[in-house]
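In the two assemblies presented below, chain A is common to both, partnered first by chain B and then by chain C.
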Partner chain A sequence: MITSPATRLVKAIAIVLIVFWSVGPIVLGITTSLSTQREVNAVPTHWVPSHPTAAAYQALLNGSTGQSTGGTVTQGGDFVHAMTNSAMIALGGAALTLIVATMAAYALGRLRFRLSGAVLALLVGTLIIPIFVIVIGLFQIMANAQLIDTKRGLILVFVATQSPLATWLLYTQVRELPHEPEEAALIDGCRRWQAFVRVVVPQMSSGIAAVAAIIVLSIWGEFLIPLLLTSTMNAKPVTVLITEYVGKYTTNYPILAAAGVMALIPPAILALVLNKRITGMLAGSS
Partner chain B sequence: MRLRRNREGDRSARETQILGWLFVAPAIVAVGTLILYPLVTGFKESIRSGGILFGEKPGYVGLRNYRDVLHDPTSQSAMRHTVEYVVLAVSLEIALGIAVAVTLHRVFRGRGFVLAVLILPWALPSVVSGVLWRRVFDPDTGLLNSVLLQLHVISQPHIWLAGGHSAILFITIVHVWGVLPLISLIFLAGLQSIPDEVYSASAVDGATPWKQFRHVTLPLLRPSIAIALTVGTLLAISIFDEIYVLNGTALNTRSILIQVYNTTFTEADFAHGTALAFLLAAVTAVFGALYALALRRSTV
Partner chain C sequence: MSGTITLESVTKHFPGGVVAVNDLSLEVQPGEFLVLVGPSGCGKTTALRMVAGLEEVTSGLIRINDRVVTRLPPRDRDIAMVFQNYALYAHMTVRSNMAFGLKMARMPKPEIRRRVDEAAAMLGLGDLLNRKPRQLSGGQRQRVAMGRAIVREPAAFLMDEPLSNLDAKLRVEMRGEIIRVQRRIAAPTLYVTHDQTEAMTMGDRVAILRDGVLQQLGTPDDVYDRPVNAFVAGFIGSPSMNLVSATLEREGDGLAVAVAGARIPLPPDAASTWPGLAERTGNPVVVGMRPEDFGRPDGAALTVDVTRLESLGSELVAYLTPTGAADGQLLTARLDRGAGLVQGETAQVTVDPRRLYFFDAETGDAIDVRSAEG
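Let's turn to the complex of A and B:
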C-alpha cells in the first residue's frame, strides 16, 4: 500500500503518543519516588528531581514517622512483608488454580463422562457472577472457618474465583490439541491418568504458562477481597498496604510513588517477558 | 484380540467416568463452597431486615431492601455516577482503542517493543495506577495545575478531585489507562481478521485513507466494537479501586460499588448493602449475556 508522507508523519506521532501514554505515568512515578517532598511541593513543581535521592525508598523499607514525612507513616519492615505476602498469595493461588483448572479442563475436553456438559455450563456460568455479590457471604464463611486475615484463606478464595476462567481458557486449548499422542500412549498400556500427566500436560505447557501469567497478574492486583478479608500484616498484600500510605490531609508523594514503583516491578517484568503469550491469549479469548 | 479390546474398552469406559468426576471435583468443590454458597447466603441477607441493630424485627422482608435502596438519594447519586463512569470510559476506550489498533496494525520497525509497552498499564494493579496518577491531579502539587498555571489557563490551583464532573472525568482517565490495552488488543485482532484484498479493492477505486476507514474498516470492525462495548461496560460498571485510591468514599465520586462497600462495611448495614450489590449484579448479568452473544457472533 502506498502511504503519503503526511500519513506517515501522523502515524509516527500517534506511535510516540501511544508510548508516552503507556509509560508516562510509570516514569513520573519513578521520578517522583526519587524526589524529596520539598521538590514535589515546589511551585511550580519539579517534574524531574534536581538531586535524585533514595530517601523515599529508605523511609519505605526502614520506617518513618508522620512528622518527618508529612502525614504518611511507614512501619519498618511492613512493606517488604506485604510484598512477600502478595508474592506468596499470587504464586500459591496460581499454582493451586492451575492444578485444579488443568485437571478440570482435561476432564471436560477429553473424557466423555456423564453430565460433563452440565459441569462445564456450571463452571462457565459462574463467570457471570460478579465478585462483589459474594464478598459479604464470603466474609461470614471465612470468619466461621477462622480464615480471616490468613494467607491460606486468601489463596483458597482466589482459587475459587480464578478457576472458572482458567478452566475455560485451558478447555478451549485442550479441544484444539491433537489426540494422537495420547492415544498412542494409551495403546502402549498407559493408564488414562498417566497419559494425562505424561503426554497431555506437556502438550498444554505453553497455554498453561500464558494462563499462569494472567492469573498471577490478576491475583497480584486484587484489592477489594483482601481489603475485606485481611486486617493485619499477617496476610495484608501490598495493594492494601499502599492505600494506607495515602494520608488523610497530606500525602508524602515520594514514599507513595516508591511503594507504587516497587509494587509494579514484578507484574511489569512478568508482562514484558511473557508479553507475546499474554497478548495472544487475551486477543484469542476476547 | 477383539475380545480383549472390548473388555478393556468396558474397563476404560468405567475408568473414564470415575476419572472425569475425580478431575472436576476440586473445581466444583471450590466454586460450590466459595462462590455459589456465599452467593446464596448473600442473597438471603438482602431479603432480611436489618435486625435489632437497626431497631427492626428480625426476619424476611421480601424486596423491601431493594425498594429502599432504589429510593435512597445517596444510592441514586451513586447510580448516576456509575452511569457517567461507564459512558465516559466506554466511549473513550472505543475511540482510543480503534485509533491505537489502526496505528499499530501494520508492520513497522519497533512494533514488537510498542506492543510490549502497550500492555504494561493493563498488567499493573489498578491501585498502583491510582497511586501513579494521583500526583497529576493533586490540588497543591499536581502536575495538571502546575502546567495549566504556567500556561495561564487557570489563575489559581483547581481542586480537581473535589469538583463533581472533573473528578469523575479524571478517575475515568485512570481507569481507561488500565483497560485500554485490552480494548486495543480486541480491535487489533478484529483488524487482523479483515482480509487485505478488501483494502486493495477499495484503493483501486480511489478511496482516500479516511474514506477507506469510514466505509471499509469501521463496518467490518462492528463485531469487535460489540465485544469492546460489553467488556468495557462490565469493567467500568464495577469500578472501585481507582476511586478508593484517588478519592476514598467521598460522595462526589461515589460509584455503586463504593456505596455498597460503605453501606455494608462502614455502616454495617448488610441488608441494604447486599440488596444494592445484587441490583448491580443483575445489570452486570445482562451485559455478561450480551458479551457472550457478541463473542459467539464474532466467531461464527
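Let's turn to the complex of A and C:
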C-alpha cells in the first residue's frame, strides 16, 4: 500500500509517543534506582544521575536501617524471599491453571454434552465479577481452611481466578483444531485420554504457551489478593513487599525504584522467551 | 492376511432427522479393493467412519473378519485409516508417526524398528524418517499416512479420499502406488472418493451411493455398461452421460426413439436387447447417450448446432445443441479431432443406436438392464 508522507509522519509520531508512554516509566525507574535520595529530591530535577550508584540495590539485598536510607527500612534477604514467593506462586498457579483449563477447554470444545454451552457461559460470566465483590467471603473461606498466609492458599485462589480466562482462550483454540489427528490416534490404539495427552495437547502447545505467559504475568502482578491473604514473609509476594518500602513520613525513592526494577526482570525475561517460542510455533504449525 | 469387512443393513441417523446412511449392506472380500463413491453429502464418508468406529451406528451390524465390531471403540477394531488431510502427528518425526500405533500396542522396540524400516523402504521414505511432517511435500505426507497404516498390519484398511489434496499429476501417480501397496498387503480395503475416475481405475468393485442409499455395487465395467438407473449412468463416466427426454415410437415392425429433434430407428433385435421397451411404445422415456458413443460410423444422424469445442489434444469434446430440440438441451460428445466440426455451424453427428441406454422417465430406473454382451 502506498501511503502519503503526511500519513507516515503521523504514524511515526504516534509510535514515538506509544514507546515513550510504555518505556518512559521504566527508564525513569532505572535512573531513579541508580541515584541518591538527595539527587532525587533535588530541584530542578536531575533526570540523569550525576554519580550513578548501586547503593539502593545493596540496601535492598543486604538490608538497611531507616537512618542510613532516610525513612525506608529494609531487611536483608526479605526481597529475595519475596521474589521467590512470587515466582513459586506464579509458576505453581499457572501450572495448575493450565492443567485445569486445558482439560476444561477440551471437554467444552470437543465433547458434546448437555449444558456445555451454559457451563462455558457461566465460566466466562465470572470474568465480569470484580474481585472486590468477593474478597470478604474469600477471606472467610481461606481463614476457615487455614490457608491464610500460605503460598498454596494463594495458588488455589489464583487457579480459581485465572481458570475462566485461560479456559476460554484455550477453548477457542480447541474449536479450531482439526479432528483427524485425534481420530487417527484413536484408531492407532489410544483411549480418549491418551489421544488427548499424546496428540491434542501437543497440537495446542502454541496456545498453551501463550496462555501460560498471560497467566504467569498476571499472577506476578497481582496485588490485592496477596495483600489481603498474606501477613508474613511466609507467603508475601514482591508486589506486597514493595509497598512496605513506602515510609510513614519519608520514602527512599531509589530503593523503591530498585525494587520495582528488579521485580520487572523475571516477567520481562519470560515475555521475551515465550514470545519467541509462540511466534516460532505459530509459524511452524500449519 | 485375509479378512472381510461386512456391513449389514447399516443405518445412520444424525440428530435433526438427517438420514446419512440408509440400510447399507455390502461386503469387502478378502484382499479386495472396494471403492465407495458418490457426490458430496451422499453418506460415503459417514459409512466409512462407522466402520472405523468414529461414528456411532444407529442400527445394523458391522463385522471385520467375521467379528462383530459395531459397538467397539476404534482401538479394538484392528483397522487402519488414511485420512484426506493425512492427519499426521505434527509434533512427531516420520518415524514416530509410523511407530505410534505399534508403540500403543506395546510391541517390542526391535520389532517396531523392523516394521517401520520395512514400510519406509516400500514407500521410499527411508531418507525422511527423522523429518517432521511440516518438512514434507504433500505426496510425502501421503506416503507417511500410508506407512502409518501398513505398519500396523491391520485386518482392514479404510481410506477417506486420500488423494484429493494432491495435484493432478501426483494423484495419478499415487493411485498406482496405493494399489501396489494394497496388493502387497492384501488386506480388504474400503476406499471412499467422490471422484469417479479414481473409483473406476482403482476399484476391484465400485459401490455407488446416493443420499445414503446404495445404488449399485459391481465391477467398474459392470457399472459403466449396465447402470441400474439414470443416476449411476450420469455419475459414472467422464464427461457424464447425456440424459435426454424422449418418446418411444413404433417404426414398422420395430421401434424408434424420438430424441433431440431426431428419430432414431432402433436395431431389429431391440426387443430382445431391451425386453421392457416394447410395452412403453408411445410413452416418454429417458435416453442415455455416452459422449464417447457419438461419431461412430453407421450410426443414426442427429442434426446439431456446434455450440462450443474443446480440444484435449488427443480428442475433441463438443457441446452440441440439437436443432430440433425445443428446450435448448446441450449434448456432450467426445469426437476425433478430425471430425470436421466448426464452432457456430450446423453439423451432423452420428450416434450408435446399439449403445443407447433407456431409463424410466419417472423413476429413473434402467429399463431392463442390458445383457452382458451389451
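One rule holds in what follows: the second predicted complex is superposed on the first by the 256 of 286 C-alpha atoms of A that agree within 3 Å, B and C clash if a C-alpha of one lies under 4 Å from a C-alpha of the other, contacts with A are read in each partner's own complex, and residues count from 1 in each chain.
Keep in mind that, in the parts below, a contact is a pair of C-beta atoms (placed from the backbone, for glycine too) under 8 Å apart; a residue touches a chain by one contact, two chains touch by 3 or more.
Just so it is clear, the structure is predicted and the values come from calculations on it, not from any experiment.
In the superposed model, A:Glu180 lies in contact with chain C only, and not with chain B. Touch criterion not met for A:Met233: it reaches neither chain B nor chain C. Shared-chain residue A:Leu61: touches no atom of chain B or chain C.
Judged by the touch definition given at the top, the superposed model places A:Met88 against neither chain B nor chain C.
When the two complexes are overlaid on their common chain A, residue A:Gln203 makes contact with chain C while staying clear of chain B.
More residues of chain A are in touch with B than with the other of chain B and chain C.
In the superposed model, A:Gln194 makes contact with chain C only, not with chain B. Applying the stated touch rule to the two superposed structures, the overlap between the chain B and chain C interfaces on chain A comprises residues 186, 191, 284, 286. Taken in their complex, chain C has these residues touching chain A: 52-54, 73-75, 77, 79-81, 83-91, 100-101, 104-105, 134, 148, 152. On the side of chain A, the complex with chain C involves touching residues 178, 180-181, 183-191, 194, 198-199, 202-203, 205, 284-286. Chain contact summary for the complex, chain A toward chain B: residues 1, 7, 11, 14-15, 18-19, 21-23, 25-26, 28-29, 32, 40-45, 47, 99-101, 103-104, 106-108, 111-114, 116, 119, 122-123, 126-130, 132-138, 140-141, 156-157, 159-161, 163-164, 167, 186, 191-193, 217, 220-224, 228, 239, 242-243, 246, 251, 253, 256-257, 259-260, 263-264, 267-268, 270-272, 275, 278-279, 282-284, 286.
Listing the residues of chain B that touch chain A in their complex gives 12, 15-17, 19-24, 26-28, 30-31, 33-43, 45, 99-100, 103-104, 106, 108, 110, 114-129, 131-136, 138, 140-143, 146, 149-150, 177, 181-182, 185-186, 188-189, 199-200, 203, 209, 227, 231, 238, 240-241, 244-245, 257, 260-261, 264-265, 270, 273-274, 277-278, 280-281, 284-285, 288-289, 295.
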